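There are two complexes below, and they share chain A, which is joined by chain B in the first and by chain C in the second.
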Partner chain A sequence: MPFPMRSFETMPRADVVVIGAGLAGLACAAELAESGARVFLAAKGMATTHWTHGGLDVAAPAGSLTPRVGVRVLAAEAGHPYARVHAEVDGAVEAHRARLGRVGHLLVGSLDSPHTPIPTALGSLRPASILPSAQAAAAAPWADDGLLLIGFAGFRDAWPAYAARNLGAVEWPGGPRRISHAEVVLPGLERLKNLNARSLAVLFDDGAWRAEALGAIRRAVPPGAWRIGLPAVLGIADHARAHADVEEATGHRAFEIPSLPPSVPGVRLFDALRRTILDSGGRVQVGFDVVDVERNGQRIVAVHTEAAARTLRLAADAFVLATGGIGGTGIRGNPDGSLHERVFGLPVEAPPRAAWFSDDPLTPHPLESVGIRVDAELHPLDPAGQVAYENVRVIGSALAGMHYLEQRCGDGVALASAHRAARSLATERLAA
Partner chain B sequence: MTLAAEVDVVVIGGGATGAGVLRDLSMRGLRATLVERGDFASGTSGRYHGLLHSGARYVESDPVSARHCMEENAVLRRIAPGTIEPTGGYFVATPDDPDDYLERFAAACAAAGIEAEPIPLEALFRAEPLLNREIRAAYRVPDAALEPWELVDATLASAREHGAEAHRYRPVVGFERGADGAITAVHTRDARTGETGTIACRAVISAAGAWAGQVAELAGARLKMSPGKGSMLILNRRLTSSVVNRLAPPGDGDILVPVHTVCILGTTDITIDDPDDARVTPDEVDALLADGERLVPGLSGARILRAYSGSRPLYDAAEIEEAAHHEESREISRAHHVIDHRARDGVGGLWSIVGGKLTTYRLMARDVVDAVAAALGNEAPCRTGDEVLPAPAGSSPYWLGDRLAAVEAEGGGDADLVCECELVTRRRLAAALDERADSSLDDLRRTTRLGMGPCQGAFCIPRAAAMLDERRADGRLDPAAPDPNPALRSFAAERFRGTRPIAWGDQLTELWLGAGIMRGTMAADALPDAVVRNDAAG
Partner chain C sequence: MTFHDAATRDFPLFSTDACIKCNVCNTVCPVSRVTDAFPGPKYVGPQAQRFRGPSGSPRSPDHSVDLCSGCGICTRACPAGVLIAETNNRARAAIVADRGSSIRNRLISDTDLLIRLGSNPLAPLANLGLRSRPLRWIGERVLGIHRRGPLAPFSRRTFGSWWRKRRGATAAPPGADAARTIVYFHGCAVNGFEPDLGRDAVEILERNGFTVIVPRQECCGLPFISNGLYENARRKARANISSLAELARAGYRIVGTSTSCTHALKAEYREMLDLADDDARAVADATWDICELLVDLHDRGELDVELGPIAEPLPYHPPCQLKSHGIGTPAMDLFALVPGLRAVDSDHDCCGAAGTYGLKAERWQIAQDVGAPLFAKVRASGAARAACDSETCRWQIEQSSGVPTVHPITILAESYRRADADRGRTWRRVV
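And now, the complex of A and B:
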C-alpha cells in the first residue's frame, strides 16, 4: 500500500515485533527473547498493568474452586480464548513464575490453590489464588490473628476505617475474628496531601526513610496477634526488602492491598518483565505509537511508529498484536456503533450501540466480550473466517469471547495466549 | 430538620421556580415552607443547558417569552451576579439556516428592544476561531451562562434569611381539604426515614414544573402537562467562549453554551408522557452532533463527557384556553401561566405555576405570589427584583484556573484533592457536608461538581464514600443521610447513565478503566448492602 512520503529511520530488522506492553505483550516478548529471537516490543504508552491489582487472575468463574477448574469451565465456552489456549495455562504460569523469580519477583499460589476471598481497599472481598508475595498473606488461613488495616495520613487512596467497617459487615467465611484499623503519620509527610501510590512507594525504597516509617507503623500496632493490611506502596525497586522489613519491625505478617491507580504492584510487574526482556537481549520501547503499516498481501512487512520527533520503520518476520481491548485502546468504539482494531484494522464484530451495555454499571456488559477472532494458532480471522494475516498473532485482551472482569481470567488468558504465540513463532523460525 | 406545623403557604417543588416563590412569599411577610421530593434543583432546573436567555432565541416565535427573558436577564444580572458568567452570545447564520429568518430576526430584535448588534465575520472568527467558516452572518446578544445550582441555593438562602423553611427529600403524599373543598393542610413524608408530617396552611403553590400534573391530581384537581424532553451533551472543554445560537427557528442542536470548564450542546425537544423518563437515545445524540457540526466543524470528534436530559414544564395548549374562560386576564402568555384551581376544579387554596424558563423564574414567582397574596389579603409589593441574593459559597462561575488558585492558596501548593478532574478539595466537601449533613454523593456533586470531570467519578467515588463513612462513624452525618455503600452504588449508576449514550472513543476507554477499578480491583459489586454502624475496631 502507498504510505506518506516522509522521512523515517529504519531500525535493524527484528524477528518479531510485539505491539503492546501489557502482561501479554511483555510475557510474549520475554519468551521470544529467551528463545533467542530478536524481539522489538513497541507500545503506545504504559499499559493496563499500571491500572490493575498486580495479582494473577487466571480464571474464577462462579462456582469454580480453583483456577484449574475455572480454566476448564471457561474452555468449554464456545468462543472463549481458553477454548483455544487452555492447554498452555500450566506451562505459561510456570514459565511466568520462573521468569519473575529470576528478578526477585515471587508469586505465591498455584493453579490448584483454592480461590480465597481477600480484602479489597473498599472492604469487599475478591477471590484470589496466585498473588505476588507482598499480597500473599491476605490469602493465608486465618487463625487467632486479627486483621489490622493501616492507612497513611494524607494518602487519600486507602480507607482503613471504611474498609474495616465493610469487612465487618460482609459475609467472610473463615475470615478473621477481629478487624481493626489505624492511621499512621509517616515522617515528613504531614503537609503533603496529594500523594499517589507511586510517590509513596518511591519513598519506601529509601532505606533511611523506611526505617523511620517502620517505627511509626510499629507504634500504631496495638498489642495482640495481628495480620496487617497496608496500602500497596511498600517500595518499587526494593519491594521485597521493604515488605520483609515491615514484617520484621512489627513482628506480624503483612500484606499489601492495591487501590486506585497508579498500581504499584503493576509497576513492579512491568519493571520485572521489562528487565527479563532486556536481560535476554530484547528491546522495549514505550511511547512508540504505530502510525502506519506496510502490507504485502496477507503479510505485514513493517510497522511505522512515531516517537518524539521521528518515525521509525520496524520490519520483522512476524508481528504480535498485544494492544489490549477497549480498556487498553487496542479496540476503539465509534459513534456509529462499529468498533475498529487500531493497528492493523482487523475486523471486530460489535452488537448495535444500543445493546452495548446493561443497566447497572457494576454488572457485565455485552460489549465486554468483543475482540479479534482467531484460529488455533492465534492468527486473526477475517469476517469469512479466513486468516487475515499469516504472520500476525493476536494475544491477551484483544481476543474476543471473554468477560475478564466477571470471570477474572484476563491475566491467565494473557499468559496462555502469549505462550502459544511465542511457541508457534519459535517453531516457525526453526522450520524456516 | 423539623417541619413547621402551620404556615400561610406551602410551596411544592424545590427547583428555581419553587425557590423563587418561597423567597417572594417570605419577603412579603408570609410564612412559608417549601417541600421538594428529591434534592433541590435536581429536576428540570439542574438538568438544563446553563443559558441565561437574552430573549433573542424566542424573539420571533414567542415575543411574550422573549420580552420576559429580556427583562429578567437584566434583573438577574443585578440580583445574582455571582451565579452568572457574562459570556455574551452570538446568533450565527450557517449555510443551512434560512435566509428569511436572518431578516426577520434583526427586525424582531429591534422591535422587542433586544440588543442584537451585527458583527463582522472577521471579528467573529477572531473571537471564536473554531466556528464554522461558512457562517454568513452574526449578531452579538446579551446571552450569558447561568449556574442553576448556585442560583437555587442563593435563592433558598435568601428565603431562609426572611424566615422561610425549605426541606428536601420530602415528597407530598396527600392533602387535607375543608368543608368548602379548600386545602387546609399538606401531608408529607421523609423519603429517607419514612416519617410523615403534616403542615397546616392557608394556601398551596405547586411549582412542581413538569410534575405539576401529578401534584394537581393528588389534590383532586386536573392539570394536563405535556412535558418536553430536552437532551443535551456535555463536551469536555469550552469550544467557544461565548454562547452560540443558530439563526434559525428553535430546533435540535442549535445552541452551544460554555459552562465552567466544559460546554453544553443542546437541545432536543420530544414530547413525553412521564417527566421522569430521562433516557437519552442514540438518535438524539446523533441528531445533536450532526447539528452541532454546523456550528463547530469537528465538534463530534471532541470528547463528550455525558448526555443528559431535562423535562420542560410545558403544559397542554388546550389547558390555557380553558383557563382563559375562567379568568379575567385575556393576555395568555405561552411563556408561563398561573392556574387557580378553585375557579377551575373546585379545589380552593391551590395554585399551579407552569411553563416558563429558568431565566424567568423570578417573574413566574412574582406572578403566582401576586395571585396568592391577594387571596390571602396580603398587600405587600414584590421586592425580589430589588434585593441582591447572598453570594454563592464557592467561586462561581469558575474556570479551573480560578479553582486552582484557590486550591493552591489553601494547601500551600498541596491541597488535599478528592476529585482531581474538578479540583474539589476535602475541605470543600467537608464544608458542603457541614452545611447539609444529610447529603448523598449525588447531592455533593450538585454542590461541589464532584465527579463531573472526564473520569466521571472513577477515582473520587470511593474517596468520597469513605469520607461519608468517616463522618457517619463520628456522628457528624444526619441519620437520614444514605449509607455510604448505597450512596456509592447509586452515584456510580447515576454517572453511568449519563456516560453510556455517548460512550465511544476515549470516553468508552475511560468507562472500561473505571470498570476495571470498581469491579476488578475494588470489587465494589461485592460490597455489603450497608456499612456496619458501629466501628468494629476494639
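And now, the complex of A and C:
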C-alpha cells in the first residue's frame, strides 16, 4: 500500500473541492470563488488548456452557421450534455468573457458570430467564432489584402511554407486572393538550439528584445496590402502589448496562429483563470492527484490527494468532478475492456471492445463520447439512473454523450456545465 | 488506483512510457525559461530515457540533463503522471557513476564534513574566508564555486553541541508517550549554520506540549543525491534510517525544519536511492515538515494559538521541495493565525538556488536569472524581511534581494514571545 492511512488536512476547510484544472474546472472554481465560497482546486497536472487554441469552441456541428444554432442542434440530441445545459450557454460565455477581461485577456466574437474558416498551423482551416483578441483578425472578412504567413527561423513548430502550400490547395470560401510566406531571423536566435513556443513567448515579453524583433519582422513584409499570420508566441505576460506592437510596427493587421503544443494562448488562458481564482480567495494546487475517497452513504466526505509519504485530506461540503474523459485521463480503460472513472469510481458505460476499432481513422472515436451520465443538476447517476452522490457535480468532457472534436463543442459544454454546477451549488448553500 | 499509479513511485523510470509528448512540462520548467542550454524536461527526461542503456553502454544521448536543477515542477505539472525530475536525477547519477564526479561537487555535497571543518570556535576565521573577495575569487578559479554563490556563515557552535550542553534527550526516555514526543531532525543547515532556528523549533514544540528528542543523525544526503553521488547518499541515508527506524515504528513522529531534508526522508530515499525496505518506509511514513505538523495540530484543536501581533508585510516563497511534499503551503495557514501579519505568497516558480546548483560557477547565472522575478517581488514589497522554508533558498533570496529571509518558524516563535511579553510572562527557555 503506497499510501498510508495517515493523512494531513489543510486549513481552512473548503466549501467546495473542484478536481481538474482544464477549462471546466478552472471556470467553475472561479465562479464559486467569486460567489464567496471557499474553493480548493486540486488537479493531477496541468492539462487541456495547454493543448488548445485559447478561443471558444462552443458548437459547430455540420451545417450550423453560428454557435447559437450549433447549440440548438446538439441540444436536440438525446444524451448530449447540451440537452441538459444549453440554457446556460449565454450566461456562461458572458461570465467567462467578463472574468478574462478583468485580467486583460480579451475575447472577440459572440454566439451569433458566424463560424468563419481560419487557418491552422498546418494550413488547414477550422471554423471559429469566438477568439482571443490576438487571433481575431484571422476571422475578419478578406478584401484586397493578401495573407502573409510569417515563421521564425529555428522554430520547428510552425512551417509557413508548408502551411501556405496547404492553404493554397484547400477550398477557402471568402478567403484571401494571395497567400505568401516569409521566414524571419529573429535577433540572437541563430545561437539558440532549443526554441519552443514558450521560450519564444518569454523573449517577446522582453520589451528591449521585442523592439529589435519587430524591426526584423517589419523588414520581412513585402510591399502591398497584407494581413499577417504569425505563430502564437507573441508574449505570455505582456501578450496584449506584444500583439499591438506587431500591428503598429508593420502597419498591417496581424493574427496569431496557435502552434503545435505547447499552446501559448492556452498557457495565457490557464494563467488568467488561475489568477482570477486566487484573486477571489480560492486555492489552486497542481500535482495533487486524488488517490482515495471517503464516502458516507450518498455523500462524499473528503478526497485524499497523494502527498509524499501520506495523503492530504480535503474535506468539503461539495465536490466538482472536472477530470475530463478518455483524452483528459479522467476515464481510464481496464485490461478487460471495461472503463472506470478515476476519482469516485463512477459507472462508465463502455462500448464493447470490438467497437473501439475502426478502419477509418478520421471517424469520431466511440470512446470519445463515453463519460458520466448525469441529471439536470449534473449529479452523477448510478446504473439504475438514481443519483449516485448528492454532493457531487460532474462537468466538462467527463460528461457522456458528445463527440467534442467533430462537434467542436468542448469549450461550450465546459463553460455551460461549470456555470450550471456553480449555480446549483450556490442555491444549495443558500438553502442550507 | 491503477497498476501504473502504484508502480511509479518505486520505479520512476517505468513512468516515462506514459509520456504523451504534450509539452506541458516544457512550459513550466524554470531552467529552460532562462537558458537555451537546457532543452527542457521533456527532452532530457522521457524522450532521452529511451536512448539510455544499462551500465557500460552510453548512459545518455546528451549530457544536458545535468543542467536540470531538480526543482520537480515538471513532475507536478505532468498530466500523465511521469516522474520527470526523478528520471533526470537518476540519469545524472548514471552519468556520474560512469564518468566520476568533480572534487567540487564532492566537497559541496559533503555538508557534514564542511560543518566539522567550519562550525567550531574557529568559525569567525572560516567566515572571514567566506567573506574575503580574493579568497572567493580563488575558490571560483580553483574549485568552481562561484564567488557570489550564496553561502551562509558557519555558526560558532553547532546545534548538536547546544543540545548536548542543554542535556537534551537523544533517545526516548523510558515510559515516553510516543504521541507527545517529537524526534527532531535538524539537518545540516540548522546544525552548522542556523542553530537558532533549531532552538526556535524546539521551543515551539515544547510550548505545544511535546517532549523533543534529538537522536544521532547525519546529513540527510540530499546534496549527494542532487549531485548524482548516490553511493555517498546511500551511506548517509542508511545511517539515518538505522538511527530513526525503531523510533518511527514505535509511533514517534520525526519532524524537520528543512523541507528539503524531510522530503529526502519521505520520498527521495525511495524514489532515487531505491531504499524501500520496511525500515526506510517506516521512517518515511513518520516524517513530517514542522509547519505540516503544526497545521495538523491546529486542525485537531491542539495548537497553542496565543500568538502576539506582528504587524508587517511578509513576502513568503514556498520552496520547490515543499511543493514536492504535496501538502500545499502550511506556513501560509500558520501566518494567518498571527495577528497583523500580512503574508503574501510569492507565486513564483523557483528561487534558482536548488540546493548546491546556484553555488556552481557555471550555474550561478542561470540560478540568478531563474530567481530574478522573485528577488524583484521581494524588494518591491518593501518588507523588512521575507520567509521561506528551505535553507539554500533562504540564503539565495537574502543575498540576491538584499532582504533578510527567515524560516516561517522564526516568525511564529517571535509571535509566541510577543504574546508572552504582552501578558507579562516569559517562556522559560532552558539554555
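Criterion: the second predicted complex is superposed on the first by the 418 of 432 C-alpha atoms of A that agree within 3 Å, B and C clash if a C-alpha of one lies under 4 Å from a C-alpha of the other, contacts with A are read in each partner's own complex, and residues count from 1 in each chain.
Keep this in mind: a contact is a pair of C-beta atoms (placed from the backbone, for glycine too) under 8 Å apart; a residue touches a chain by one contact, two chains touch by 3 or more.
Note that the structure is a prediction, hence the values are computed from the model and not measured.
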Requested in this report: Identify the partner contact of A:121: answer first if only chain B is touched, second if only chain C is, both if each is, neither if none is.
Outcome: first
Requested in this report: Applying the touch criterion given at the start, work out whether A:51 contacts chain B, chain C, both or neither, answering first, second, both or neither.
Outcome: both
Query raised in the report: Regarding the shared-chain residue A:187, is it in contact with chain B (first), chain C (second), both, or neither?
Result: neither
Query raised in the report: Should A:351 be classified as contacting the first partner (chain B), the second (chain C), both, or neither?
Result: neither
Query raised in the report: So, does A:287 touch the first partner chain B, the second partner chain C, both, or neither?
Result: second
Requested in this report: Considering only touches as defined above, state whether A:262 meets chain B (first), chain C (second), both or neither.
Outcome: second
Query - Between chain B and chain C, more extensive residue contact with chain A - result: B
**Report entry** Partner chain in contact with A:198 - chain B first, chain C second, else both or neither
**Finding:** second
Report task. Considering only the touch criterion stated at the top, classify A:332 as touching first (chain B), second (chain C), both, or neither. Result -> both
Report task. Under the contact definition given at the top, report the residues of chain A touching chain B in one complex and chain C in the other. Result -> 51, 191-194, 260-261, 329, 332
Report summary line: Per the touch rule, the chain C residues reaching chain A in their complex are 1-2, 5-6, 9-10, 22-24, 26-28, 32-33, 36-40, 43, 75-81, 263, 266-267, 284-285, 287, 292, 295-296, 298-299, 323-328, 330, 333, 347
**Report entry** Interface residues, chain A side, partner chain B - complex
**Finding:** 48, 51-53, 120-126, 154, 156-157, 159, 161-162, 164-171, 178-181, 191-194, 222, 258-261, 263, 325-327, 329, 332-335, 337, 353-354, 356-357, 360-363, 365, 405-406, 408
Query raised in the report: Can you name the residues of chain A that touch chain C in the complex?
Result: 2, 4, 6, 8-12, 44-47, 50-51, 191-196, 198-199, 202, 260-262, 267, 278, 283, 285-289, 291, 305-310, 312, 328-329, 332
**Report entry** Residues of chain B that touch chain A when the two form their complex
**Finding:** 281-282, 285-286, 289, 300, 411-412, 414-418, 426, 459, 462-463, 465-466, 469-470, 473, 484-485, 489, 492-493, 495-496, 500, 503-505, 508-509, 512-513, 515-528, 530-532, 535-538
